[in-house]
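Shared between the two complexes below is subunit A, which has subunit B as its partner in the first and subunit C in the second.
And now, the complex of A and B:
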């Protein structure tokens, strides 16, 4: 890695010193962010001196630089988690350059060496990506070639190893990943079809993982192949997308070492015209966990991505119980309608009214014993595991979310959103709280913004979550004052007033303020943070529970 | 320490080079109906372009784009500015982007960046992140976060670019 960096550096210096023209044509841009948290013990919400364990400060930071010189590009990202902030994987602790790359591209070919992110289709068999706020990064370290042999046709080939926190790859320390993808767009490829009413594209990919079998008990496949095919068909206002993926048997700690094959299908049908959008999505996942180390079952080294298709909520209480895909098996559906009642109508008023309805439900798949006499347990290690009827849905519901939203501008100064959500959440399966009953909750949100002047605005957000399970009822209130485009100040409180344990009826209060100029942003938050997605001061991010002071500095150039 | 030093060194070289204004990198992304789209095709016949990164899960982003949409006809009439909104939603929700965009009657171009390739190339850390690009394709200003009324400030900059006060 150091060699690569030094050669990149040499190249940079070379271009800077040797050729004046190159400087004039070269550009460098980058970004920087650091989040610093100072923790304090807060016994009421379960944070004591021993949980902090002397780690009073957590700092996550990165600096990213991209250098471009015509068809040549190189980039690097430095990261330092010293130590990682609360809620991040302790294996994140460390510093270095996990992301170093160089690429050359023409209209025909694009070659990348070093680290890269890539996705085939919807990612069902291959996706590498990073999510800074979650501390997730499964980037490839290897090579990628992309070819554009003709208009409408894209061919990709990749190979390498995946990032596993700071652990360097050594022979057999984890698997190797190789793959290829073809994407063919008929409308781009065929003369005369460019503006045809029907739009069609096709795609196919194959990925293989190699990991040595050193298992003392089982004879495991060392090369595991996965394949997928997809199409996207558009006609008029309709669009239909479907992708199917298949994986050969891949016994791993995620599926309790069964020799079952894996399958996944994702399909969506949508209709959209001005003022109206409707989408229906279906998916089925069966034994599709695919990691480059079969011994790892935690959130790392994923080769593929199985998208949860339910709505991703933006308010703290609607996002309190987020669904996560069950890679061992699930069947889900999602339906959404967006409609804008036109301006000037009775319900639309002067500005029009926005409506959104969303329904999603995910159930388990049905598993039957492989032998009729039930002599082999379903999912027993070392067996084929089970048989499963493709179309049968189990009665076991993992997740159900029915929500409705109305968006309305009342006049030039006042606008607001109200939302209702009805939730069923199998906390035992999703969060591993074995034995806990499923959470049935109602959530209400009201979010109003009043513009005092053209630049000053006051936003008030009120939320309530009612449930008899888990931590019981919650209420939340926030007021945010903004002076566009630079300043914000917000105060918020989340109150767990219905916690069955009266000792735990806590207030999670925060005071935050920030300054943004161009793309430089400073923000300071003091108080308690409960877990969840928080959107304050114009941006959203995922946060763990903590108490103390948080400072965020970010910029780019 | 050595690594940090190298980073600083590169940073220095970077600073020397930033005098050169950035243009848009070329990245292959998608249109709403699934066609490939090269970001080098983001242009507006010599007039300014507003480029905004957003996602379905980001409320402030949608507030910003709603605010743009309300003023878009007026802005286009006065300055000819064109808006591109790039959704960074991944395959969890790309299928829901087009119905939302149509459902909200947004009039500007919306593009999909499902694996964040364009986002990374543009060094976008947090959204909303909005760029203003002049008629020759140079990035002249950028801003993260959206607060009510910030669209007016942005539009003042657009007017300056086309020589209107």
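And now, the complex of A and C:
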């Protein structure tokens, strides 16, 4: 890869481009970030010298550099996890350049070699992306060609292998991924439709993975294909988007080696006008885990992405029980209304009042045993698994979130947000705590910001979570003082006062401060993080509690 | 010009339809190819597990299926280690962790990668020792026909009266080897009935109080990393090395289910070159 980059750069240097242009006309930009954690023993939450086991420091860091010269671009990302911070997959440990690429683009074509991120439609059959905070990266290493043959038509072709921590691809060590996508925007393509009241775009994709079958027990498909079709129709204030995806038999660790085909549908209807937004989303997923290594069941090597249709919460206690898409089967619905009570009305007051209602629910799909198979067990390995009625919804609820939010500015100095959340969380399914009862919780949040001067502000956040299950009740308080635009200081505490195990009624306090100048940010946090178990796709990993000091330095240029 | 666009679109759409697919028709499972030849190297599959690991019973089932498939050529050892093996409140109060198991778990990065997880002959692939259970079959298949470079003979002599066990082992080099070799002898107990968390509906409920734990590592007879069998360069073709151990077996063990697993490994790479299992009764 490095040789390829050097050859490409050399080619540029010694062909039409003058050496001077290479430097003078080029732009370079990038970003750097380092997160450092210093750990200390903290007996109250079960951290001793032996659990730290000599690993007193965890450091995650990256540097991203992009070079642009006219139509040519090249970039690299360096990463070093030495060792990874607590909570990150230990397989992250390592350092190097996992992301190197070069691209050339014109109005007709764009070619990328090396690593790239790409998405077809909503990602139901293909999406590669990177999420630094989660330590997730399934980037492609291969080639991508994008063609723009006519206005409104985009054609994409990709092939390559995916990143799996630091493990280099070797012949047959994991699967190959290849795919194509066509996106056709009729309003752009047809003369006279540019400003039509109805907007329509159509898309289709196909992706195939190849992985050798060397299994002594099962006859496995070496080529697994997936297809999807989509449309987006807009008329006036309405917009309707639907995508359907289908995948042929793909027995894997994730689906317990069943030979069932996979299906997914995602549909979204929205309406928006000034002060009002309404969204209704529906989703059905059946056996749609799609990975470039069928043996991997952990959070890695995903070829596709099944978007969640739940509100992503921002407060620590409303986000304590987050839903994770169940690729083996789920049926979900989300309904969201945002309304702003106009200024000057009785309830709107001088500044208007924002209201938001969000409801989402995800149930299991209904699975029926295949009677004429040798086994009548649902989901038994080495069988078709089950049959499932497309429109039937199981009574088994994985997740339900009803939340309501009021946002109000009282005067030029004080504004606030209050939120209520009613949650049902099937911890057995989502976190793999088999046998544990579903968590039923009420969560309340009040968040107020008071501007003391034009630059100084105080924000206070109070939260409470009440539940009889799992770790019981929690309360959280946070106060943050900001001196714009450079400084902030915050103190926070989460108190698990209702833990059924009285010895675990701990305070998880943090004190943090930060400084920002231009695009450089420095933040320090001292405190505790609670223990957890993360289960993804049938593999569970303990995320240990941690205590200590965290330092983050980031900059962009 | 317009026609060429049309043609292009048709080509692309037809191209999309040609995405490679292998639709598999039943039977989905294949038959065995019969027993593998005697002189091949035996294979050790280590299953790192724990009694509160809900996904471990499915993996254990798969391991036993492989053992049955390879009829004596594949040896299984289940190692309870890591967070999910820690004793908890009843019925998970038993502690099946072992000193050797804990040492291996940490050194090879097993439970840290998530349970269930395994190793096949402790072979490192792409920088890691861990093999996810979906790959156990293909990883075993990849080495099960390998030619053996060591012949291992294990003789046990168990005294019922005082529960003392004598293990004599003889390793004969059948193909010269350069590296230093080490040997580990372990006590394994099969069919221990004890509670297990589970989410495989075909095996039982969320907690199976009388789960049958197969091939569980109980202890090592000669330390976590064993002892030297041959120094580098000593393993010439035909060379023979012997070891002998005497140990008193814990009264907790059900002697009828106890066996000794002996394996010889490359001291530099940890790769297991030969393994043998011997039931003591």
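Note that the second predicted complex is superposed on the first by the 520 of 557 C-alpha atoms of A that agree within 3 Å, B and C clash if a C-alpha of one lies under 4 Å from a C-alpha of the other, contacts with A are read in each partner's own complex, and residues count from 1 in each chain.
Definition applied: contacts are C-beta pairs under 8 Å (C-beta built on N, C-alpha and C of every residue); 3 or more make two chains touch, one makes a residue touch a chain.
Keep in mind that what you see is a predicted model, and the values were worked out from it rather than measured.
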item	value
Which superposed partner A:222 touches (first subunit B, second subunit C, both, neither)	second
First (subunit B), second (subunit C), both or neither touched by A:549	neither
Partner chain(s) touched by A:354 [first = subunit B, second = subunit C, both, neither]	first
First, second, both or neither for A:336, with subunit B first and subunit C second	first
Touching partner for A:180 - first (subunit B), second (subunit C), both, neither	second
Contacts of A:278 with subunit B and subunit C, given as first, second, both or neither	first
Residues of subunit A that lie at the interface with subunit B and also at the interface with subunit C	538-541
Contact set on subunit C toward subunit A in their complex	5, 8-9, 12-13, 15-17, 19-24, 26-30, 32, 53-55, 58, 62, 65-66, 69-70, 82-84, 109, 112-117, 125-128, 131-135, 137-138, 140-142, 144, 197-199, 201-202, 205-207
In the complex with subunit B, residue positions of subunit A that touch it	5, 9, 12-13, 16, 23-31, 33, 63-68, 73, 76, 78, 95-97, 105, 117-119, 122-123, 127, 129-130, 132, 152, 154, 183, 185, 187-188, 199, 201, 232, 234, 239, 241, 266, 268, 270-279, 281, 305, 307-309, 311-315, 334, 336-340, 352, 354, 356, 447, 449, 451, 453-457, 459, 482-485, 487-488, 514, 516, 518-519, 521, 533, 535, 537-541, 554, 556-557
Contact set on subunit B toward subunit A in their complex	3-4, 6-7, 9-11, 13-14, 16-18, 20-23, 25-26, 28, 33-36, 56-60, 63, 90-96, 98-105, 114-117, 120-121, 123-129, 141-150, 152-154
List of subunit A residues in touch with subunit C within their complex	89-91, 149-150, 153, 155, 166-168, 170, 173, 178-180, 182, 204-208, 210, 213-227, 248-249, 251-253, 256-257, 259, 294-298, 377-384, 428, 432-435, 538-542
